[in-house]
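Quick one: structure below, then a few questions.
For reference, chains read A, B, C and D in written order, and residue numbers begin at 1 within each chain.
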Amino acid sequence: MQVFFEAIVQAIRLPFEGSHGLLSVILTTFEVALLATLIGFILGTPVGLLIGASRFRGRGLLITLTNTGMAVPPVVIGLVVMMLLSRRGPLGPLELLYTVDAMVIAQVIISSPIIAGLTSSAVAAVPYRLRLQARSLGASWFQEALLILKEARLGVLAAVATGLGAVVRGVGAVLIVGGNIEGQTRVLTTAIVQESRRGEFGLAIALSLLLLAIVFAINAAITWFQHSGEKAGRG
Amino acid sequence: MSRPMMLSAVGLKKRFGSRTVVDVDRFDAPAGSTVAVIGPSGAGKTTLLAILGLLEKPHAGQVYLDGAPVGVRDKAARMNMAAAFQSPYLFKASVAENVAFGLKLRKVPAAERRRLVESSLARIGLEGWESRDALTLSGGEAQRVALARALVLRPRVLFLDEPFASLDPLVKGHLVFDLARIIREDEMTTIYVTHDHAEAMSIADRVMVMREGRSVAHGPSDEVMKLPPDQWTADFLGAGRPLRGVVAGSVEGVLSIDVSGVHIHAVGVLPEGEKVLVGVRPEDVLLFDGDAGIPRSSARNRFHAVVVELKMWGVMHQVTLDLEGALLTARVSNSSVREMGLSPGMEVQVVFKATAVRVRSESSGSGEIP
Amino acid sequence: MSRPMMLSAVGLKKRFGSRTVVDVDRFDAPAGSTVAVIGPSGAGKTTLLAILGLLEKPHAGQVYLDGAPVGVRDKAARMNMAAAFQSPYLFKASVAENVAFGLKLRKVPAAERRRLVESSLARIGLEGWESRDALTLSGGEAQRVALARALVLRPRVLFLDEPFASLDPLVKGHLVFDLARIIREDEMTTIYVTHDHAEAMSIADRVMVMREGRSVAHGPSDEVMKLPPDQWTADFLGAGRPLRGVVAGSVEGVLSIDVSGVHIHAVGVLPEGEKVLVGVRPEDVLLFDGDAGIPRSSARNRFHAVVVELKMWGVMHQVTLDLEGALLTARVSNSSVREMGLSPGMEVQVVFKATAVRVRSESSGSGEIP
Amino acid sequence: MQVFFEAIVQAIRLPFEGSHGLLSVILTTFEVALLATLIGFILGTPVGLLIGASRFRGRGLLITLTNTGMAVPPVVIGLVVMMLLSRRGPLGPLELLYTVDAMVIAQVIISSPIIAGLTSSAVAAVPYRLRLQARSLGASWFQEALLILKEARLGVLAAVATGLGAVVRGVGAVLIVGGNIEGQTRVLTTAIVQESRRGEFGLAIALSLLLLAIVFAINAAITWFQHSGEKAGRG
C-alpha cells in the first residue's frame, strides 16, 4: 500500500508547493461545465416539456433524437465535433479546435439530451388530471405549462444536476476536441488521465479528490431534490 | 349574481387509439339541473365529462352552452365552468393559493381574492385554513379544498367527477350535505359523475346511464330508475324490468292498470286502453308475511305473491316475486330475509304506494326515456 | 377435511417509525367464526391483519392459533392460513399458475394440483379459465382468481383485506354471495377487513371496530352495532347512542324497560329493577305520519315522537327523534324524507319490533362489549 | 463538409483493405464488456435484491457504497486500479497492468454498482402487498426472493443492459489501466480517441459506426424491456 500512502502525502503537499497549473485546470473545468449545462438547460428544458406533456406531429422524432443523443458515446461526439472544427471541416475557419469553446460545444451536445430526457420524465409524471383540473379552472396552455414545470420543479432540477454531473465526469469528448493543452484546455478528467499515465500519482490523486468533491456535491443535490420530491408527493 | 347555463351536446365521439371510449348521441343538462352520469368503471364517464367541460376535444360532435356551439378554444365559455375530481389534485402550495388559483387566472384583484377565498373556505367548513400546506391535508379535507377551489369561481356549470368515491361514509355524508346546500344556494348546472347509483339518486334530478361509451338511458332520475330500458341497465341500477300493461280505468287521478290480470294502481293521466310500461323501485316494495293482517292504508297496491328467486345485490337481497304472472322485484335487508325466513316458493304479501309507481305510454318513446 | 381453528391475540403493538399504528389489547376469533375488522382508512386494519396472519412481526404481543403461541417463523402455522387483498396482486403468469402457487409451495403433486385448481376455479365461477393470462383480467375476474388462489388451499383461517372495495355493486353482489357460500361450506375461521360497515354486517358474526390503531369495540356484530360504546363509534357505524333505562317488568320473555318514562319492549331475561343499556339499529326504526292509523302488529314498540334533527349519512338521512326525553335515531331514504315532508319539530309515529332491540345490563361490562 | 465525405468513403473502404488491428479491437471490446458485465451481474444483482427488498442493519452502508460507486468518475476508478496494479502497488506482483484483465477489473467496478442500483429500484417497485400475498400463501423467504426477481425480471434485465452500455461507452478507465496498446488492450473507444487525435478520421468513423451499432442494440434492448414491463404492468 506504499504507493497509496506516498501519493496521498504528495497530494496533500501539492497545494502548498505553488502552481502546477492546478488553478487553471479547476477554472477551466468549472467554465466548461457551467456554460455547457446552462446552454443545455436552455435547449433541453423546453424540448423535455414538449415531449413529456403534449402529443404532436414530430414528437416521435424528437424523442428519438433525445434518446440517440443520450446513447451516443462521448468519444463519438468528440470525433464529430473534432471533424466539424478541424481545419478542413465546415467550421474550420472559426479556428475553435483545441479551445474551451470547442469543449463547451461538445459538452452541450452531451448535456442537452440528458436534460431534455429527464425533464420529459419528470413532466410526464405530473398527473394528467391535475392538468385537466387546472384547465377546468380556466388555465390557458401557457399557464398550464408553467404549472407543469412548477409541479415538476424538483425533477427538472435533478435533470439539470444530472446533466452537470455527466459533463464534469466525462473525459472522452473533451480529450479529443480540447487536446488537453496545459494552461488552456486541460480539465480535471483529462489531467487525471495524463498524470496517472505518467505515473504522477500524487498529482492525480489530488485532482481526483477535487473531482470527487464536485461530483458528490452534485449527487447530494440530486438526492436531495428527489427525496424532497418523494416527501411532498401525493400519498 | 350568476345564472346557471344550459349545457347540451350532440353526436359526441372520442377514440383512444382504435377503441371508441365515448359515443353519445345526445346529452342534455337544463339550466340549473343536476345531472348524474353513472355507469361501471371504464364506461367512458370521465372522458365524457372532460369533453363536456371543454377540457378535451372530441373526434366528432358538438357541445352547446346556452344553445351556442362551444369548444376547447373558447376561453370565455370555459371561464363559466369549474370542475373537481375524485382525487383532489391540489397544487404544491398553501390552501389559500390553491383556492385562489382560478381567481388569479380571472385577474381578480388580490384583496377581493382574499375575501372570496376566505368566505369560500368558511362556507365549505374550513374557516381559517388558508395558510396550511395543501399536501398535508387528509382525504376529506383535501376534497373540501378542491370543492372550494371550484365553487369560489361561482361557476355557471359545475363538473364533479366521483368527488366522494374515496371517502369514508361519515366524512362523505357531511360533504354531500354541504355540497348539496351550496349547489342549491348558488343555482349551478351540475354534471355529476359516479359509479354509485344510490349517491346519484340522492343528488341528481336527471340521470344518464353509460355503458361501454354509450348512453343506455337518459332522463329524469325517477323515470330512469323505475323504467330501465333494458335488462343490463335494470341489473346495474338494481331495478326490476318494467311491466307491460293496459290502462283499465281511472278514478280521481289514480289509474288502474291491468298487468296480466293484476290491477296495479298508479298516479297519472292516461286514456283507458292505452298500452303502458309500469315500474316500481325495488326499495319502495314492502313485503309482509303471507298471513299478516294489513290494514287499509295509503298504500293502494296490495297483492299476494310468490317468491321466485333471492339474490345478493351489494349487501342487500334482491327478491323476485311472481304476481300471477307479472314479475316484480323488491330489495330487502339481510336481517329481513332472516327474520321473515324468505325462500323461493314462499307466499308473501306485497305492498307499495300508488305514488311509487311510474307509468309511461308505450308509444311515447322507444329506447331513450324522455 | 380441515377443521377451522381459533385465532386470538393479546397485547399487539406495531410502530412505523415513532407512530404506533396498531395497539390492540385483545383479539378473538372463535373457530369457524367470521370476524369483521372495520374502521376508517388509516386505522391500522391492514397492519393488524398482517400481524394476525403471521406475515409481519409485531413489536409486542402474541398471536395464538388454537391456543398455542405462533409467530412469523412458524411455517407450519402459516400453512394453515391464506389471504386475499383488495388489489388481487396476481403474479405474472396464467390463471392456473396463480391458483396453483400455494399448492406448489405445499408440494402437492402436479396431477392433484391440476384437479384442485380446476375445481377451485369452477367453484368461484371461472370454469375453464386456467390458461388465461392473469394480467389481462377485469377487476372482478382478477378478484375471483385471488379468492380461488386462497380457497384452493382449504385454509383453516382465511384473511380477507377489503376484497370487494374496488368493485362495482353488481359484480360485488355476485362475489359476496359466492364467497359467503364457500365460507359456510368449508367452515373456515375468517378475518374480514373492510371500511364499510354494511358489508361487514352482511358477512360477519363478530365485529371489531378500530380507530387510530386501537380497538374501540369488539364483540358480536349485533351488540356492537346496536350498543356502540361511545359517540365516535356510534357515528362511524351510523348508529344512535344507547339509551339508559331500568327493567320495569317482564311478560312471556318480553321485557318492559323504562327509559325516562317511555316503556320500550325488548326480548331478554333480566331481573326487575336492573339498570340497562338499550339500543336499536337506525335501519330497524320505521317512521309513520303522526296521524296515520297503525294497526296492532308484531311490532311491539310504537311511540309518538318529535323530529329533532335531520342529517345526511352517506346517501341516506339520519333522523334524531325525541321520545319524551329519550333520543332515538332512525335512518330513512331521501325519498321518504321528501314524501313525508320530514323536518325538525314535526310529530311522527315511531315503530320497531321488540326483537330489534338489544339490551345489556349496565353492570356487565364497561367499554368492551362481551 | 468535404472532411466528412472523405472520411466516410475511407471508412467504407477500410474493411476491404485488410487488417488495421480492427478485428483485435472488436474482439477485445467484446471480451472486456461481456466479462465485466457478467461479473457485475453476479456481484450486483444479489446486492440490489437485498437493498431493494429488505430492511437490515448495514443497508444504509450498502446503499451509500452503491450510490458512490455509480457517482465516482471512471477516470478516478482507472487511477485507483492503476495504482493497485502498478509495479509498486499491492497487486503489482500479479503484473496485470496494461492487460485485458486490468480493464475487466476496472469495468467491473463501474458496472456492478449500476447493476446493483437499478436492480434495487426494479425490486423496490414490486408492491409490498404482492409479497405479503406470497407469504400468506406459504412462501419462505427464499421463495419470496425468487418471486420478487421473477416479477422484476424486466427491470433486472434493463439494469444489466445499462451496465453493459456504460462499459462499452466508457473510455477513461480503460485508457488509463489498459494503456491502449495496439493488438492487446486497444478497444473501440480508446481507438477512436487515438485515431481522431491523429487526424485519421476515416478509421475513427469506421470504429464509431461499429460502436454506435453496439450501443444502439443495447439501448433497443433496454427500451424493449422497459416497454414490455409497462404493458404487462398492473393497471
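We adopt the following convention: contacts are C-beta pairs under 8 Å (C-beta built on N, C-alpha and C of every residue); 3 or more make two chains touch, one makes a residue touch a chain.
Note that the structure is a prediction, hence the values are computed from the model and not measured.
Computed from the mean C-alpha positions, the centre of chain A lies at a distance of 55 Å from the centre of chain B. Taking each chain's centre as the mean of its C-alpha atoms, chain A lies 20 Å from chain D. With centres defined as mean CA coordinates, chain C is found 58 Å away from chain A. Because contacts link each chain to exactly two others and close back on themselves, their graph is best described as a ring.
Interfaces, counted as pairs of touching chains, are A-B, A-D, B-C, C-D. Listed in rising order, the residues of chain A touching chain B in the complex are 127, 129-130, 132-140, 143, 147, 150-151, 232, 234.
Residues 50, 53, 55-56, 75, 78-79, 81-85, 87, 89, 91-92, 101-102, 105-106, 135, 146, 149-150, 153, 159 of chain B are the ones touching chain A in the complex.
Looking at the complex, you find that chain C touches chain B at residues 40-41, 139, 168-174, 176-177, 180, 195-199, 201-202, 235-236, 238, 283-284, 292-295, 297-298, 311-316, 318, 333-335, 339, 355. Interface residues of chain A facing chain D in the complex, by the touch rule stated above, are 1-4, 7, 67-68, 71-76, 78-79, 82-83, 86, 88-90, 165, 168-172, 175-176, 179, 189, 192-193, 196-197, 199, 201, 204-205, 208, 211-212, 215-216, 219, 223.
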